[in-house]
Structures are given as structure tokens and as C-alpha cells.
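One chain, chain A, appears in both complexes that follow, with chain B as partner in the first and chain C in the second.
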Partner chain A sequence: MSVETADPPMAPPDVDRGPGLSGYFMVRIAFCVAVAALCLLPFLMVIAISFGEKVEGAGWHFAFDLTNYRRFFVGADWPNSTSTLYLQKLGWSIYYAVIASVIAVVSAFPFTYFLTRLTRKAQTLWLVFLLSSLSLSEVFIVMGWDILLSARSGLPMVFQETGLTQWLKDMGWFDTLRDWGLASPRNVKFKTSVFATVLTMSYLVWPYAVILLYPALSRLDPSLIEAARTMGARPWTVIRTVVIPSVKLALIGTVLLLFVFLLGTYVAVTVFAAPAQQTLAVSIYEAVRGATLNAPFGSAQAVVLLVTAVILLVIGQKLSTAGGKG
Partner chain B sequence: MPDLVLSDIRKDFGAFRAVDRVDLTFAHGELTALLGPSGCGKTTLLRMIAGLEEPSGGTIRLGETDLTGTPPHARKFGMVFQNFALFPHLNVADNVCYALTIAGTPTARARARAGELLDLVQLADFGQRRIGELSGGQRQRVAIARALAQEPEVFLLDEPMSALDAKLREEMQVELRLLQQRLKITTIVVTHDQREAMTMADRIVVMSQGRCEQVGSPQEIYHRPANGFVASFIGRANFMSGRVRNGAVQVAGWTLQAVPAPAFIDGSQVTLALRPEKARLGADLPVGNRLPATVTFLRDVGATRDIHLDTPAGPMVVEEVTDRGTGLHVGAQTQVYLPPDALHLFPAEPVAA
Partner chain C sequence: MRRLHWAASLFMGLAAVVVLMPIVVVSAAALNGGRSMAFPPENPTFDRFVEFFVSEPVWTTALWNSIVISVSAAALSVLIAWPVAYWLWRANDGLSKVLAGLAAMPFALPPIVFGVGLGFLWSFTGALGQMWAGVLSLAALFAALPLVTISIGLQSIDKALLEAAATMGATEGVSFRTIVLPQTIPYTMSGFFFALVLSFNEFIVMFFVSSSSYATVTLQIFNSLRNGFTPTMAVAAITFITVSVVAFSLVARFGDLPRLMGADTTRR
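Let's turn to the complex of A and B:
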């Protein structure tokens, strides 16, 4: 997100730098300008537009107007009435992203730990497989899960046909599932649900979790584990008291990175989340390109999402360094 | 406390036999050094004793208890690793009382014990330091204190000095030996450094290619090496090949006497080994057991001087005390005397490395 603006190299006063060096200097300047234009400009535009004004039927024009932010936090009709609709969307964004990133990291951790204990060749094969799975687009993955979870073709049908649904009813657990919103009166149902949304989102980032945890776990000195074992630690105690504390920073870092990544999830949320539980990312898209067409308000929502991500990253960072000293 | 007994211990890694039928008894309270070149199986043997490797065959017993299949956490053997393996996320005191903490010892008691142990290794004021703030020697002391926290029945050290610089290494060897004698704990040290083994050990096990070549006190091993490998690995030795004839050895046409007289049948090929400091040069040499020699190189190393010679039996090095200088120069013709009681005879075989 940040752009390194290189300081101009300090020129010794009494040395003639020659045409070659100053040419090199110009290239560097041009490169910095290009990077600034490509990375920083769209970003600054979004911030600028978020203060803009929508013109009914004619797009928008630049202004300095806080209406969009007011609409986001307290509703368009404030102070007559207050609406927290967009704050709720932000809440859902954070909720899905936190749970999905934690699930991904918690499940990827044991996998990666055992992966680093395999032979070099097996590790390479697994990593290549996981890296290649990253080439699948979000749309493709969501389509797969959509089929897997849909009532007529997927898991619910399997539940029904194998008698699992009946068994759940007999055991009295079906009502619990209904309470959780995971069943209709007749069968289990995964769409739409928080469960399906979070599951798909954690599936999306799971390979990233493995790849981000892998370096820390493979660098973990095996003699630390052996030392703990000679001091009376059983396998689980070793993991709890040696492995996890040693890679704690990597664990927290991975959760934070996946969290920020998942804040922007679009396809999975539109397919699996109930309309009242959709996220800010979906709302931004609709404002910019979709039904509502309000670029200044979309930009304002995007800025709030960005600021939220930054605040949560800073908090996470503070927590991890504070924990590191304890 | 009972002795640690290894019987017929083997370890195969695929087709490679790392440890080959080792029988050893580690007497209670003794410090034994497993000494050998890298790849000789000494570390594998130590790891099997710790339970970190499973033997392919044989048994490990502590007194009446068979420990062969016991996992490391149930053995109560303290171990110091080559890189010390201190936990970077814990401070010094927490590292030392790790074994007590996970065993559920009350915090106050674990802390007190950590304090005692840090006192023992002269790091009393370092409890709150982080591992990253310690020097190599301090880390080693912490590793020793940590391994002793659970009052282990056997204390294992894997190349404990290899991460230290030369001067510190010698100090720590003496210090570790004094500590071990004070605690009277059965201790096994793996090392490839013969000076280290001789400084610390009650008993040395010389290993090569997965086998025990000789077991004995440092003096025994140095003065009565069991074979050519031990003679070459422990200290320095000149090697000559010869043939036994009438209770003496023919070397390059010269007859040498050895005491005790060789117990080989006439005509068998033998290897003779001689420590450089045992050979003598110059005038007033006893009669017999002499070879003509030409000085090829002189190497002054302070208190002693190495004199490289060319003899009919091949090149030879003689070490003499510098102040007893014989006034030799390169190219001088002289005679070298090989004392009969200093000549070690082994069946001729290639000297294994």
C-alpha cells in the first residue's frame, strides 16, 4: 500500500557525476513517478471521490461534502432518523473475515506442522499442489461449493438419501440445527447461511495459510522439540509449550493477512450469505457498478473499509508484540 | 543408582548401518566420552540412549529396567544438545525450570530450583535475561542447568563444546568435569575432540564406522592403543609396515625389537606405531632399534619442536622438547632410536579413518 519514494542520492560536491549517472538518476525519477501514478493515484482518487457529490442521473462531481460518511455511520435521513445499515454491513465483513481466517489458520497449522516433517520430496509435491490450487479463481471455487451445498444436488441430498437426516431427527439434534439456521423443516440446508459463507471463505484462503505458515514451521529447529521431549514433555505438551510459542508471530501475522484479504471477498458472500447478512464489499460493488450506482458513496464505504483494516492491523500488531514480551 | 547397560545395540538407516552391535556398560557416577570421527555413529548411539532414535536391535537397560522402547519423555535423562536448543520464547529461569513446569511442580518450588541450578552454573543473576542476550558460554551453562533440573538419572551431552571458541572450550571442559564429579551423575559426552575426551572422561569409548574400537581410561587408550585406528585417532603416531621374523620385526631391511615380543607367527605382516614424543634422536642412543634418518623439515611449535625425518621405513615425525635442542638442521644425517617398549604392533590392515 505504501510507496517507497527513494531519496535522491546524495552527490559528493566535488565529484563530476557524468552523463551516465545523471541518466540513471532520471530513470529512477521516472520510475518513482510511474509507480506513484499507477499505485497511488487510483487510491487517492477513491479518497477524493468519497467527498464528491452524486448528480441524479448524471454521475457525480468533485466537492468537499461529508454527506457520504454521514450516510454510512448514521443514515441519510439523520438527524430525523438513524440507520446503522452500513455499519452492520461492516460488522458482517469483519465477522466473516475474522472467523474464516482463524478457521483457516487453525486448520492449516497442524497440516503444515506435519507437512514439514515429511521427506523433502513429499513436501515439494504438496507445496506445488497447493500453489497450483491458488490458480483457481474465486468464482470457480464458489461454484464448486455452491453445487456441493445446494439442496437438490449436494450434501443435503446425500443427508436425505443416506438417512442421515432421519437419524438426526431421531437423535433430536435436528432441532438444534434448525436453531442454528442450518435446516429447513424437512432437511438440512446450508444455503444461505453464515456457516456456508465462512466455510467457503476459509477454503479460499487455506492454501495461503499453509504457504504463509510453512517457512516458520520448516525453520523451527527440531532440536527444540527433542530437547522438550527429553525433559518429559509428551507430544501435545511439546506442541503447546514449544512449537506454538515459537511460531506465534507467524500465526498472528497469517491471521491478520488473511483477514485483510477476506474483507474484500465478493463472490462467496453474494452466493452464500443471506441478503440481510451481506458485507460492505458487496455494497461497494453495487454502488460503483451495480444497482445503486453512487460512486461517491461507494468510495466512502471503501475508505471506511480500508481504515477499519488498518486499525485492526495496528491492534493485531500491538497485541502480538505485547504477547512477544510476556 | 544402577548402571546403564547397552547390549548388542544396532541402528540401520536403510542399508547403512550407523551403529553396529555395540555392548557397553556405563558405570554409575562415571563420565564416559564417546570419541570418534564424524559419521562414526557416536551421536546416533547417544540419541538411542536418550530415546530420540529407536534401535534396530538390542536392548538398553538401566539396572533391571528395560528402556529400549520407552519414549524420551518417560526416561528422565537430561540432554545437552550441540546447539544447546534453548527455547528463545522463554527467559533463562523459565528455560531452566521447563521440565518442572510441565511436570506440574508448584511455581514457587520450580523457581527456587531454577535459582539453585543457575547458582550451580554461576549464572545466579541471569534468570530474567532473554536467551538472545547470552554469550555462547552462558548459553551452554543454561543448557546444562536446564538438563539437570529434572534430576536426571543419566546426563547426556552431544558435542557440548563445539559451539564455543577454543579458550572457553578448555575452561568449560574443566568446569563441566568438576560439576559432574560434584554431582556424581552418570554422564555420557559425545565428542570428536580427543583432548576434550582426555580432559573430562573417566573412560573413553573410541568408535569408528559404527563399532567400538577400544574402551578404556584415557591413559590406557593413549599408551596402549588396541589397533591402528585408535593409535592414529588418539594423538599422533608414526606408522611403519614390517614382517615378523624370529620374535623381532623386519622393517625395510632393518631389525627392530619390540617389548612385549610380538605374538604373531613368523612371516606375518604387521603395522608398527610409534608416538612422535617416544622416538629419540642424536648421540648417546642405546644400541639397536635404530634407523638412519635425514632431516627434511623442522617445525617449532613453542614448547616442543617437530622434526620431520626421511628413513628407510618411510617418513617419520619426532617431537622433542625445544630446550633439549639437538642442533639439527634440514638435510642433516642422523639416527633415530625407536624404544622397543614404545613400539605398538598391530596386524597389518589399512588404517580406517
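Let's turn to the complex of A and C:
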């Protein structure tokens, strides 16, 4: 990208030294301000309001008060008693997001590798398919899995009808499933469970995983693989020693990006997670729009979520620049 | 390397089945004659389609809102992204990098935080619950997508062509109209369609900025969730899938989709 080679003849049209220049400049400044107002101001407001104070009723006013953060980290009644309720919610947010993003990347990696070995035309068709499923709203995906996992018409019914439930009972594995909370006395049961939540979340980001891994895998030099093959390496050895090391950074970067994306998942968690296992996103919603109506506390929770996301994005950035140099 | 091992093809096929499973189930549920989301459908009928597109005002209004908001938001996001991408390409200075970073930020961070912030912003300016505020919100959220596609398009322009034009006395305005614009139109359209489809399906930000004073289709579905799923919602799902497939097929038809997604173009 030789952007710096743009020479004097390419200067902006209105650089006729005079009112034209300042007009162009003003427009540019106004545009910058508008973009900043739209993209940055909302985040700044969340941060500012997180220090605010709730007023009895549904209102609040600006203040500089750390009560909300204290309530988040040690509970409202500190130092008399300590409550880690909200830290646990953050813990659940991270737990679901980590497992779901790792599952998505691990299963998307071989898929994407095979995809890049196809012809250009086949790749285009697959990409249209993946992009279409990727753009589907969280609401629909949850709706689909809700039907699939529901006791009456979904997979549990399939388990029952095909005799799989009986087989599980005969093998003695049914009790294990019950211990995991994945079965009722009579049949398997997937709602509500960590399993259903993680499954839906990894489904949500799976197409993203493919799209994010795609550039790295499709730029992989085929002669490298051919060379390893002609030297007698078995396919699995090639993948392990050539492919994975050269896309390691892309793999880690993808996990981080998907993780950040999943931190804020709302619909899947409200539908599939048990009440005691719900996340910070649900609690933010409750505080800002839902039952508890405490905008400053909701903002404080949002700031914690934001900071978690930024830390991980910075780590990802550091990793990729370090990898670029090395 | 052209032919895949059968196990690889099997794996890809299985992945496609899993991706399709919930989509197929939801779509099939639209054919239910009754009010329940049975699968396989009971008393198959197309009545739900009539309800969704014609006779139920709740759904027709929501659909119209969705169309108006997503088309305007996508157009606006392209209008925001173009100058940012252009400055980044031409100047590549500190200010343009900061600006590009700002425009990409809402998309990179958890949308629920951006949604909460926009809710505050609009309630301060008195625009909470106005449709134009919703349009601005989605445009800001998805400006990152046309920003990326337009940048890819601009980088594909041969600098020698621009230099030749300049030597022959073309001003920046002229070379912009005759070289830059025509070559980047497919990329601009792709960015538009990406933003369009994602705005159409957006839920969480819309939820905070609409403040229940109007509903898009996704919001309407979420509002109806507490009464359980109904087959009419499934028609909405089919509509969404159709819009996405059509939009991305258009992108693939008029642009180079593998290249847009970052494939190496030097290799076939």
C-alpha cells in the first residue's frame, strides 16, 4: 500500500489558497465531530452515568460516586457483608463466551481449511450460504434451537422415539446425564442448561469463525503443503506441523474476537440459561430497561463488560503485531 | 489439491446440516395450521404468510419499519464510511486513522454497551423513540462494514493510473469521477448490502433506542416471545433468510466475494 506516493498534483481540488481551503477544512472538522458524537459519545455517556446516583423512583442524576462499582465488586452492604453476585454474573458471561468461542473456532478451523481448497466458484457459493446464516438475527436462531431442544417436538422426542433414551438407560449413562442436569426422570431434557446456552452461542458465531479464519487459510502457500507432502509427510502431520503453526495467530485472534462478541449475548442467555446462571448482559438490561430500573448501576455493569472486552481486544492486537514482526 | 478427501466432504456436509437445522425447523413451522409451533407442521397452510404480509397490522407495520430503517441506515452508513475510507487511503495521517478507529469502534465492542449508551444519548437530545434516531444508531453500528469493503476497493486501484491522469492535467475531482468512483462501485454496493442485511436483523441496539415506541420485525418477535412462539413469527424468519440470500447473491454476482472476504487473489 504505497499511499505516501500520492504527489502534489493529487492535492484536494479546493486548495486554491483562500476561502476554499478553510471551507474544505470546516467540512472535514464538522464531519469528524459528527462521527465522534455518534460513535464515541454513547460510550462516554455510559462511563459518565456509571458514576451517577440513583434517585428514588426511576430517575438518577450525575454525581461522582463509586457506590455502583462497590456494589458490583463487593456488594451494596459492604463492609458489613460481602456479596459477589455480580462478579458471579461476570463469571458466567466469561464462562459461556470462552467455551462457545473455543468450540466454534475448533470446529470451524477444519471446515475453513477444506473450504479454501475448493474451486473459486464453490467457495463463492459456500460464502453466500454462510453469510446468509451469519446475518440471521439472534432472535431467530434462538427460536430455531428452542424448537429443536423443546421436550415436545425436538431432539428429546427423537431420542425417545428412536429408543436412544432407553439405550442410555440400559447402559446406565442416563443417571450421569441427570447429574449434569440434562435429563428429567423420563427423558433427556436440554432446557434450561449450560449445554443449550453454549450450543446456541457457538452456533451464533460459527459462521463468523469461518469468515475470520478464511483470509489466513486462503493465503496459505500451497507449495509449502506440497513440499511437505512430497517429502513424505502424512496429511495429519502436514496439518500439525505446517498449517496450524502458520495460522496460529489467526486462530487466537478469532477466539478473542468471538469472545468479545459473545460477552454481550442477550437473547440466548435469557431463553436457555437457568435463572441462577444468567449473565451480566441480562442484568444490564434489567437495570436499564427492565424490572430493577437503576440506570447508573446498569451503566457500571456495562463499563465492566466494556473494560473486559477492551482488555481482550488489546491483548489480541498485541499478539498480532508481535506475530507480524517475528 | 482440487479434490477433497471424502471424509472432508462429509465433514463440510455435516456442518451445513447443522447450520441449516434450526433454519429449516423455523421455516417449516410457518406452515402450521394451528397456533402452535409443531414440527413437523400440522394442517399445513399458507395463511400465516397472508397474516404476516397483508392482514395483521402489527406485522405489516413492523415489516415496513424494518425496511425503512434498514435501507436508510445502510445508505447512511455508506455515506459515513466513504469519506473516512477515502481520507484514510489518500492521506493516511493520524487524524484519518483516528477517525477510522472511531467509525469501527461500535462494531468491535459488545453491542449491548453501545445500545445502552445510545439510549442515554437519545434521551438527552429528546430523540429517544424517534425512527431517525434508530436509523442513525444502526448506521453508526454498521459503518465499519462499508468502511472495510470500500477500503479494499480503494486499495485495488492502480496508482499509476491516477498519476497518469494527473500528468495529463486531471484535477482530483476529475480523476475521482472517472477512475476512483467507477472502480469502487461494486465494493460500495457490497458494503451497502452487508449493512442492510445486518440492520434488518439487528436486535439489541434497536431495542434500547426504540424505547418501545415503534417496533421492527425482530423487536416485534421479541415482544411476542412471552406469549410463546407463533407460526407467524416463522414467516418473518423466512422473510429474513430470503432477504439475506438475495442480498449476498447480489454481492457475489457483482463483486468478487472471496476477495472481499480476504482471499488471496493472485492464486486461482
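Simple rule for what comes next: the second predicted complex is superposed on the first by the 294 of 326 C-alpha atoms of A that agree within 3 Å, B and C clash if a C-alpha of one lies under 4 Å from a C-alpha of the other, contacts with A are read in each partner's own complex, and residues count from 1 in each chain.
Please note the rule applied: a residue touches a chain if its C-beta (ideal position, glycine included) is under 8 Å from a C-beta of that chain, and two chains touch if they have at least 3 such contacts.
Fair warning: this is a prediction, and the values are worked out from it, not measured in the lab.
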(request) Determine, under the contact definition given at the top, whether A:Val242 touches first (chain B), second (chain C), both, or neither. (result) first
(message) For A:Gly232 in the superposed arrangement: first (chain B), second (chain C), both or neither?
(response) first
(message) Applying the document's definition of touch, where does A:Val139 land relative to chain B and chain C: first, second, both, or neither?
(response) second
(message) Under the stated touch criterion, which partner chain does A:Cys39 make contact with: chain B (first), chain C (second), both, or neither?
(response) second
(message) Quick one: is A:Glu161 in contact with chain B, with chain C, with both, or with neither? Answer first, second, both or neither.
(response) neither
(message) With both complexes superposed on chain A, which partner does A:Ser223 reach: first (chain B), second (chain C), both or neither?
(response) first
(message) If you tally the residues of chain A touched by each partner, is the higher count for chain B or for chain C?
(response) C
(message) I'd like to check the shared interface: which positions of chain A are touched by both chain B and chain C across the two complexes?
(response) 226
(request) Write out the stretch or stretches of chain A touching chain C in their complex. (result) 1-7, 9-13, 28, 31-32, 35-36, 38-46, 49, 107, 110-111, 114-120, 123-124, 127-133, 135-141, 143-148, 152-154, 203, 206-207, 211, 214-215, 218-219, 222, 225-226, 235, 260-261, 263-264, 266-267, 271, 281, 284-285, 288-289, 295, 298-299, 302-303, 305-306, 309-310, 313
(request) Spell out the residues on chain B that touch chain A in their complex, using ranges where they run on. (result) 50-52, 71-79, 81-83, 85-90, 98-99, 102-103, 146-147, 149-150, 156
(request) State the interface residues of chain C toward chain A in the complex, per the touch definition above. (result) 1-2, 4-5, 8-9, 11-12, 15-16, 18-23, 25-26, 29, 37-39, 80, 83-84, 87, 89-92, 95, 99, 102-103, 105-106, 108-114, 116-121, 124, 136, 139-140, 143, 155, 159, 162-163, 166-167, 171-173, 175, 197-198, 200-204, 207-208, 218, 221-222, 225, 229, 233-234, 236-237, 240-241, 244-245, 248-249, 251-252, 257-258, 261-264, 267-268
(message) Under the stated contact criterion, what part of chain A meets chain B in this complex?
(response) 221, 223-224, 226-234, 237, 241-242, 245-246, 248
